[in-house]
Amino acid sequence: MGTTQILFWFLSILAILGAILVVTSKNPVHSVLWLIVVFVAISGHYILLNAQFLAIVNLIVYAGAIMVLFLFVFMLMNLNSDTEPQKNRWLKIAGVVTGGALLLVLVAALKEADLKTQVAEMGRGDIGLINNLGMVLFHDYVVPFEISSVLFLSAMVGVVVIGRKTPEERTGAIGDQKYGG
Amino acid sequence: MNAIVLSAVWGIVMMFSGIFTASKRAIRNVAVVGLAILLVVNYLDLLGHHLFNIDVHKMLYFDTFGILGNSIAFGSTLLYVLLSGRDMERVGDNLAEYFALIFFVLCGVTIITTFNTLLMLFLGIEIISIPLYILTGSDKRNLKSNEAALKYFLMGSFSTGLMLLGIAFLYGASPTGTFFIDDLWSGKAVSPVFMAGLLLLLVSMAFKVSAAPFHFWTPDVYDGAPTVFTSFMATIVKVSIFVGFVRLFDEAFGESRERWQIFVAIITAATLFIGNVTAVFQQSVKRMLAYSSIAQAGFMLLALLALNGVAKEGIILYAAAYSIATIGIFAILIRMKDYTFEGFNGLARQQPVLAATCTIFLLSLAGIPLTGGFFAKYYMLSSVVATGHFLWLVIFSVLCAAVSVYYYFRVIQAMYFKEGDGTTETEPGAGFKGLLVVLAAIVVILGVCPQSLLSQLTKMIYTW
Amino acid sequence: MTQLVWLVPALPLAGFLLNGLFRNQLSKSLTGIIGSGTVLGAFVVSLLLFGEVRHEGFQPAVVTLFDFISVGKLSIPFAFQVDQLSSLFLLIITGVGFLIHLYSTAYMHEENAPQFARYFSYLNLFVFSMLLLVLGANFIILFIGWEGVGLCSYLLIGYWFRNIDYGNAAKKAFIMNRIGDLGFLIAIFFMISKFGSVSFDQVFGKASTVPVGVMTAITLLLFVGATGKSAQIPLYTWLPDAMAGPTPVSALIHAATMVTAGIYMIARSHVLFDLAPVTQTVVAVIGLATALLAASIALKQNDIKKVLAYSTVSQLGYMFLGLGVGAYDGAVFHVMTHAFFKALLFLGAGSVIHAMGGEQDMRKMGGLKKWMPATHITFLLGCLAISGIPPFSGFFSKDEILSAAYAKNPVYYVIGVFTALLTAFYMFRLYATTFLGQFRGTHDQEHHLHESPGAITIPLWVLAILAVIGGFVGIPDSWMANGHRLGAFLSPVLGENAHGLEVEKGTELMLVAVSVVLAVIGSLAAGMRYGKKPELGEPTGFGKVLANKWYVDEFYHAVIVRPLDLLAQFLVFFDKNIVDGIVNGVGRLVQYGSRQLRLLQSGQVGGYVLLMVLGILILFLVELFTGSPAVSSAAGKVALPH
Amino acid sequence: MIPVLLIFIPLVTGLIGFLLKSEKTARGWALLSSLVTLVVALIGAGAGKTSPILHADVAWLPDLGSRFAVGLDGLSLILSLLTAISFPLIFIATWRDQYKRAWNFYALMLLSQAGLLGVFLAQDALLFYFFWELALIPVYFLCSQWGGERRIAATFKFFVYTFLGSLLMLVGIIWLYFHTPDHSFSMASFYDVHNHMSNSDQTWVFWLLFVAFAIKMPIWPLHTWQPDTYEQSPTAVTMVLSAIMVKMGLFGVIRWLAPVLPIGTWAWGDTVSTACIIGMIYASLVAIKQDDLKRLLAYSSIAHVGLMALAIFATDATGMQGVMIQLFNHGINILGMWIVVDLIERQFGTRKISELGGLAKNAPGLAILLVIVALGNVALPLTNGFVGEFLLFTGVFTSTATAYSVVFTVVAAVTIILGAIYTLNMIQRVFYGPTNALTEKAVDISLNEKMVLSVIVVMIIFIGVFPKPVLEMTKDAAEYILTKMAYK
Amino acid sequence: MPINYYIFLAVALFCIGVAGVLTRRNAIIIFMCIELMLNAVNLLLVAFSKMHYHALSAGAPNPNAGIDGQLFVFFIMVVAAAEVSVGLAIIVMMYRNTHSVDVNFLNRLKH
């Protein structure tokens, strides 16, 4: 098999391993790092699929910005050490089993897919190139693009609402006011 | 289109209004004006006058069904703000931001009532959800509020993940690789991938309208959120998402309904059962209303199951009747000293007007004739009966409706037949009472001669 | 004239309304006048009617007042029938009725005005109902009167309502009557379904068209009605208790008129009974059994009215025997004579009780002839009449029945005659214990003793005369050419062969001789036995059984009343705990379910998500296993609306 | 015109009633309104059967195929008369009862009257359902607000029970609606729908509708709400409940079930009849053991209603006439009984038979009137009860719809005896016998009650002696229904 | 590459994410697992888009066939970013009040 296949398998295994370690590792910071590994692997897949733009964005936005944000929060709360008390085992097992069952069911449902003859074009096809994407984005997809700005606005307002300290909080009055019901 | 743009714009206006004026009243008035404007422009849309001619590349499709849904959303929001606007001030001192968020939510509402591609659906849902996370947690001093916000956020984004996976599958299964809902289905045999996508989408939407067994966030979030915003979530948001829900399944999967009706039936039955039965034992009226909203969702799901003309008329009517009644009840609830059933004891002595209107709203929710709720339920039932299948579900839902009487009437009993000094925190003003009476009048009118609304509906929905 | 027949019931009705509505205003004398006067008026009208009916070739007339019920094909007019039978009964009822009203004015004099008026209004109402009963031209009107008299007897037995026992007696009477009425009613339904009508002419006209089985059913049901009203086995036990009422009431209702309604009804519908031999046998046997049983009980009763009551039951038994053997006019004849002498006896007893200040126990009486001669003589005449001593009235009527019974089946005769012996015995036991020997009452009772006023003795004398001569209208033809006027008179209604089977002269004389001899023996034996020293001690052995009326009441209580009571109690429990329990149980179930179900809402995000994922799993599994889910079709396909 | 007035007079006056904040005015207002209604009803009774003023039909919900169609035929007329007569009598008889916030009480009473009249007059299935509920709601509030100790629980049971029934009925109505060829709720289309559906469908749809009616009547074993509710409601409301409301169930069967689903009705006839008969015997026996006058009457009314239902399912002309006249008679008689009960309770503060006795001594007028009413109740000849029950039994006996007509009649007729037993027991233990400390100083009834009872007694006797007018009134209706009930 | 591989890979990642959400108690890590789910979806979308590209541009090469998939991924990233900001804000607020991010302590609201 050619380099593409080798790379595909390598990246896939890497991604899955990373994902598993994200879930299992005790130390949150390790989780973050493993998650970054997963992202990198996925970006690799994008490149294999010749979607360079997404690959880059994925690295910058996710592995870059978002993950840093996570780390930042961890540090802020200094949860860097393994502080999480263990959930009771049975719930853990139940969780894993359920996840696995979901996987099984989905695979079972999809293995007979009529798409199984289909193949994903590797390496070729320049739809993933930035100029094509840009053209389509700012031509056909301009409306959703604009609308997503509303999303950001609301997110921004929201963060302000939540982040801003109110006088009461400065006095640190915490409790179950009636407004919670 | 008018509504989308203006609601977004007005959201920004609200943001700045907070900077330019400190007077709460002024801010509220700005919001009211905005809502009024929204109503108007939406009506213009209905008449076909579009202020903005934007080429949406078929990503949005403005039909009467959606626009009607919008106007109900705007209308009930207007009533809601008029009734409970003052109570927002007591949540926190970011009144302007709250209003801004509400307007953003409305923007999302207008999107999901008129979306034509899964992308817009996704964006709409997100634009609705994110402000709601915030509003839920807006009572920052309150641990319950925080908890509710975090729960809502975690589960909400989890369901977003499910929805996205579903969308991905549908995209994969679509013959031409598109997200436009009307050519998702090849029209040939339903492929497993398509089915998987459909189910995941069903699940995530069911989550948003809090249908069992994906309803678990609802009681906690409705209970934990500041009551004003609970009212908003439980009525306007939920109802609009329902409009989107129906729209999605009608447009995208209408032809293949034979394949998925059974799943909707299962979910409906579960929702009706859990919602109604669990509500029976609640001690807090607020939480009871949360469960009742689940139960009501179960009834609305009947329309999704039937997906015929009757169902579409019905869902609009149900939206109106349910929102108005629930807004009214919440508006009264907010004013109460004590949220438990005992808190309502003897309210009829202290506040006859409140008690009377509250009774009418409750009767409407219970679906007693002469209230809008009756025709709403009537439409839901008859839509399913019209399909000729699932009569067992109809009868089951009727039994559940009988159960629902139990908890709605507990409130009535408390107000009228129990001795007690249940009363409001502050003497409600004449305006408030007047507005409640108006709401009650609307409910009754909807119940006696819904013709005015209905004839219009039938005209539009069948011409469309 | 016949068109005025409505006057007959109308007058007593008017009396009832007047006395009832203005009972607080009217004075006692006025009340008495209204009460008796209306009945007297009715009697006069009846006489006129009778005069008309007696003419040769009188055709039975049906007078329709108005349309009572008409539904679909069924039409029931409110119509009266004037013919020989009804006019005869009119005379008996109004005549005897008037005498008893008259008697009551004196007898009830202690009552205060409103109660007095109440009494008379009830009495008038009774006469009205009784007249309806005999005048009705169809079974419904008959039934109306039938239940009406039942009601009046209820009201009059319970007239002294302050006394619980009297109330119970009244209730017992009404309910036992109702049991009989039920049979009657069902018989009527049968007629409606078979003949589509209830009017006599229609029913009797079409009678022969229905199979014997149906006819037997109808007649048996009618007879059930008769047993209730006329106190036959098994429904006779109410009559002795009914003595709780004032004595005139016992005389009028429970001796002379109401209790004979059964005989009237069967005689009236003899056409049907002729078609149902089985029923006739049943009637005869029941009648005979009742006669014997009642007579045996009467032997050991000490309450003067109880004795008379059982003798009434026994005499009624005779009448049914007559009906059973087809001697319809014999039965009616006996009704008439019995009305005379039994009314006489009751009124005499009433006079005695009146004199004894309410004492009814014979053992406390004795030697009364010294104080009340008139009562004594008349009472003696009554006793002779009932015992069948010639030439008193009872003799003729009873012997007519007995000979017919012999013709039908000698066994009937034997038992009948034996009963006659008993009758004579207990009647003279009563007479002797009451009027002969020494007075055994308390001292002040002795002071109080006196002959009753004219209002009481006059009716006694009138009735006594009737009791003596009343029999001569029915001298057997075999003795005297068309001596049997009554039979001839009634034959248009009861048919030509209404004497039952004939027996040849010799046998008949022999039979008569036997019965007379036995009657005389019985009376003398009783006179001797009790004239000097009446039995005062408690009876023992078989006598105890008789004194306790064969324990029939106890038996009924154990077999019917008690089980019904228990059943009712059980049902109350069942209703409360099972039926209602299930209903409430559903409610509780919902609450319980609610309490359990809300535990799902654990508050744990993990739990929630887990359940969600499980939900998804279920959906997918359904999808997997039902490749293309079959659409459940509860109902057939329906066209979409619009 | 008339029907519309009949519905709207009480409706409007009732709504106004909420506003008059004085007990006396409210009471007077209610009486006035009910009298006006009575007058209108009498005019309706006077008008010719075919006269146009007896019908009204205006568009209401065209898109739903439902019209505001009301009309007076024989059946509606007799029941409207019953309603119109009962309410003034109730108001007068309970004139002395005291209520807190009486204006609400009287207003709700009037509203329930509007609902009842609507039920009886509606000629459109959806409209019928509407009024069916409208009649229920005010009664719910009346009982829960002014009732006895356990009122809330009892009334709530009553409400949920009946509401469940009516919801099932709603499903049935909708189902039928979609089977009418012209998608209409009108009576005509409903009477025609059975030509467009299979017999098997008829047999199960039957139950959807019947359950609602059976609960309302009530038919054993769905009766348990009734004694509790009667016991707990204020007597005025109990009068409405038992004199008129139970008739809704019977009316529903006659008007909206039997003609609509003839095959279904016929197919289940024996089953239902058996239930009715069990109920009759059962209720009578239970009644014998009751100590509370209200419960006793409740059970006796179950027995009577059972007989009427039995006759309906007998599908016989005589029986149907009997039902229609008995609907009226039973209403009148039970009303009389309730008035007496109310008098007793108001005077002695108890309804326990065991605590009473000897009333006849000091209250002879009351005793006599009660006895007459009671006699009507046990169907003694020359009272209205006799006419009714005679026709009913005749109908059942001559019925060709069932093979067991004779058995049914005989078993059912046993209740004639049982009825006599519990009625006489009651009369005796309340009115006869010695007086006790409580009843020593009993006083006789006052004028207005005497007047009401006399009116009732007069009606009892009149109909008992001369039932022709009433029979004439209902003749056509009965025959029409029967032609629709042709099950062959 | 056969599309099935990508489907299974994506589903696998997605399910691992789900399992993570089910098993962890740390709110932030749960949130990360959700991000993981989103990325799985992204991968799937891109794969599909290339699949459609292959299928549609088989005959006449069509420059933009299947491009929607990749644009959708772009929007998902956008939304995810917004979500993260809000989510972390909420978590921080929670932490400020309770000094814990353990979801098991979120049990004031139940039943």
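A, B, C, D and E are the chain letters, set down in written order, and residue numbers restart from 1 in every chain.
Just so we're on the same page, contacts are C-beta pairs under 8 Å (C-beta built on N, C-alpha and C of every residue); 3 or more make two chains touch, one makes a residue touch a chain.
Small disclaimer: the values here were computed from a predicted structure and weren't measured.
Colleague: Which chains lie in contact with each of chain A and chain D?
Modeller: B, C
Colleague: Please report the smallest number of touch steps linking chain B to chain D.
Modeller: When the steps are counted carefully, the minimum from chain B to chain D is 1.
Colleague: Max contacts between which two chains?
Modeller: Pair with the most C-beta pairs in contact: A-E.
Colleague: Computing the C-alpha centre of each chain, which chain sits at the greatest distance from chain E?
Modeller: Following the centroid criterion, the farthest chain would be C.
Colleague: From chain B, which chain is the farthest off, judged by mean CA positions?
Modeller: C
Colleague: Select the chain whose centre, defined as the mean of its C-alpha atoms, is least distant from the mean of all protein C-alpha atoms.
Modeller: Given all protein C-alpha atoms shown, the central chain works out to be D.
Colleague: Which integer distance in Å separates the CA centroid of chain A from that of chain E?
Modeller: 5
Colleague: Determine the centre-to-centre distance between chain B and chain E, using the mean Cα coordinates as centres, and give it in whole Å.
Modeller: 27
Colleague: Report the inter-centroid distance (CA atoms only) between chain B and chain C in whole Å.
Modeller: 77
Colleague: Based only on mean CA positions, could you tell me how far chain A sits from chain C in angstrom?
Modeller: 100
Colleague: Going by the touch rule set out above, which residues of chain B reach two or more other chains?
Modeller: 119, 123, 126, 130, 133-134, 137, 140, 143-144, 148, 151, 154, 158, 172, 193, 195-196, 219-220, 223-224, 385-386, 388, 391, 406, 458
Colleague: Would you give the residues of chain A that are in contact with at least 2 other chains, written as numbers and ranges?
Modeller: Each of 87, 91, 94-95, 98-99, 102, 106, 109-110, 113, 115, 141, 144, 148, 151, 155, 158, 162, 169, 174, 176 in chain A touches at least two other chains.
Colleague: Multi-chain contacts only, two chains or more: what residues does chain D have there?
Modeller: Each of 160, 175, 178 in chain D touches at least two other chains.
Colleague: Chain pairs in touch?
Modeller: A-B, A-C, A-E, B-C, B-D, B-E, C-D, C-E
Colleague: Which chain B residues qualify as touching chain A in the complex?
Modeller: My answer: residues 4, 8, 11-12, 15, 54, 56-57, 59-60, 90-94, 97-98, 100-101, 104-105, 107-108, 111, 119-120, 123, 126-127, 130-131, 133-134, 137-145, 148, 172-173, 191-193, 195-196, 223-227, 284, 286-287, 339.
Colleague: Considering the complex alone, what residue numbers of chain E touch chain A?
Modeller: Residues 1-9, 11-13, 15-26, 28-29, 32-33, 35-36, 39, 42-43, 46-51, 53-55, 57, 63-68, 70-71, 73-75, 77-86, 88-93, 95-97, 101-102, 104, 108 of chain E touch chain A in their complex.
Colleague: Could you please specify the touching residues of chain B with respect to chain D in the complex?
Modeller: 363, 368-370, 374, 378, 381-382, 385-386, 388, 391, 394-395, 398-399, 401-402, 405-406, 409, 413, 416-418, 449-451, 454-455, 458
Colleague: Can you check the complex and tell me which residues of chain D touch chain B?
Modeller: The touching residues are 60-64, 129-130, 133-134, 137, 141, 144-145, 151-152, 156, 159-160, 163-164, 167-168, 170-171, 174-175, 177-178.
Colleague: Which residues, counting only chain B, touch chain C once they are in their complex?
Modeller: Touching chain C: residues 151, 154-155, 158-159, 162, 195-196, 199-200, 202-203, 207, 212-214, 216-217, 219-220, 258-259, 261-263, 265-266, 274, 277-282, 308-310, 385-392, 403, 406, 458, 462 of chain B.
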